[in-house]
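Order of writing sets the chain letters: A, B and C. Residues in each chain are counted from 1.
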Amino acid sequence: MTTVSGTRVDVISRDVLPPHSSIVVSARLAVTVEGAEGVVDLTGELRRIVADSGTAEGSLHIYCGHTTCGLVVNERDGGLDLDMGEVLERIAPHSSKHHYAHDKLRTPAERLVHGERDNGHSHARAMVATHPELSIPITSGALYLGRWQAVMLAEFDGPRTRELLARVHTALPPTTTGSTASA
Amino acid sequence: MTTVSGTRVDVISRDVLPPHSSIVVSARLAVTVEGAEGVVDLTGELRRIVADSGTAEGSLHIYCGHTTCGLVVNERDGGLDLDMGEVLERIAPHSSKHHYAHDKLRTPAERLVHGERDNGHSHARAMVATHPELSIPITSGALYLGRWQAVMLAEFDGPRTRELLARVHTALPPTTTGSTASA
Amino acid sequence: MTTVSGTRVDVISRDVLPPHSSIVVSARLAVTVEGAEGVVDLTGELRRIVADSGTAEGSLHIYCGHTTCGLVVNERDGGLDLDMGEVLERIAPHSSKHHYAHDKLRTPAERLVHGERDNGHSHARAMVATHPELSIPITSGALYLGRWQAVMLAEFDGPRTRELLARVHTALPPTTTGSTASA
């Protein structure tokens, strides 16, 4: 578990997989941002998942099943958060003066079902600035991230708790290794 | 086949793969948008491909081999289409007053070879707002999409028919299963 | 090796992988851009890596471990480079009048450690316009790229030499093929 100024990452469950699966770990992460917008650094938790899996060569796949937040790979830096806020305000403004069709066209009944505050700008920001999924290589037992790279969830519609799926794919499947060892 | 207001998705062919391949389905989709811009929802067709494949654990990879359209994962909503149109007009305007070097620098001969109308803005929009490829997890036999997520082709240079490659990768290769079954 | 007007791509090393690995090639590429910004076409080198690997069905994964450059798939065209420069100047301006928090908030000591010129705009441009990683299908022994598609590194913080990791994943693992052949 990692807590960074009002944010939180937890592994909430692990799926059971057949022993000969090339996916060796499938973990659900709960990620909480307590403000309306915020960035959560997932790097530490993801490195732990890879290390615990004992995978030497393969890749980590991360999937974000949401439409108003997404994944970013960049430097973890408070200055950059401010800069991206400015860039995104230019691209997809969020102010009481700017109205999105996504928000305006909803009926009160639809609003009730969707349980949504206005979030047209959040959808647009997620589409332009984030990725719904990422594959990161695992080499020599560790995540192959660049020196300045962090893997982050960027939230544009908080406060919310989001679920991510993180799966470790091995390039050396257990049964193959097993049958070699038994030979 | 799915038809949504002037758009159309068809599986046009399936590649033959060796029986022990970890890619168990490789399908070519033809996607048609009849307007100059438009969004086609691929979700139903992709769910069917995954269900028909009988794959329990793995992933679906979708590849878009084009440069003026691309893949988007977000909510399927007419309001959002209007909003993204506005966002993209801000980023990469499309008007008779705005000229792109991509369009201006072409000779008439090049235009003939490329068979292109002006589409500088289409290239820019595809680069900023879409993905050329996506991997979506398959868990317990189904696509792992979030409640509000749809997988869409966003066309910026229509009307055209595009070809996508959708491939199902299993984490439980047939031969491994086969040898287990024969034991 | 490919040289395109002040840019350069080289395979600098190949990782040794176990013989039964589903990753059959893991190559490090050094990519140099000699200007402050520039685009390097990687397509030729990537096609060669795939052809040399002898892989019939699978995928090529490319990972960029940097935060101020990234990968782009689009048409290779000088006009488009100019257009994207204009689009990105609109989104994340680079001028002596525009100041980024990422640059302003650094202490002289931090600047020394990071060895950085001002590059707030470079981070923002990489986030909005590029991908940190790409998976491209390999079908019938070749990269499945569209007719107009090129795979490029877009540099926003040059001159620099960057390292990319390119790995070929086969869907027909050698040991499986081997055991079938020996039967």
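To be clear about the criterion, a contact is a pair of C-beta atoms (placed from the backbone, for glycine too) under 8 Å apart; a residue touches a chain by one contact, two chains touch by 3 or more.
Predicted model only: the values in this text are computed from it and were never measured.
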Chain contact topology (line, ring, star, complete or other): complete
Shared interface numbering between chain C and chain B [over half = same, under half = different]: different
Angle (degrees, nearest 5) of the CA superposition of chain A onto chain B: 120
CA centroid of chain B to CA centroid of chain C, Å: 21
Sites on chain B at which at least two other chains make contact: 22, 90-91, 128, 131, 135, 173
Complex contact set, residues of chain B against chain A: 22, 57-59, 72-75, 77-80, 82-84, 87, 90-91, 128-129, 131, 134-137, 139, 144-149, 171-173, 176-177, 180
Complex contacts: residues of chain C adjacent to chain A: 15, 17-18, 20-23, 26, 61, 63-67, 90-92, 100-106, 120, 123-124, 126-128, 131-133, 135, 165, 167, 169, 173, 175-176
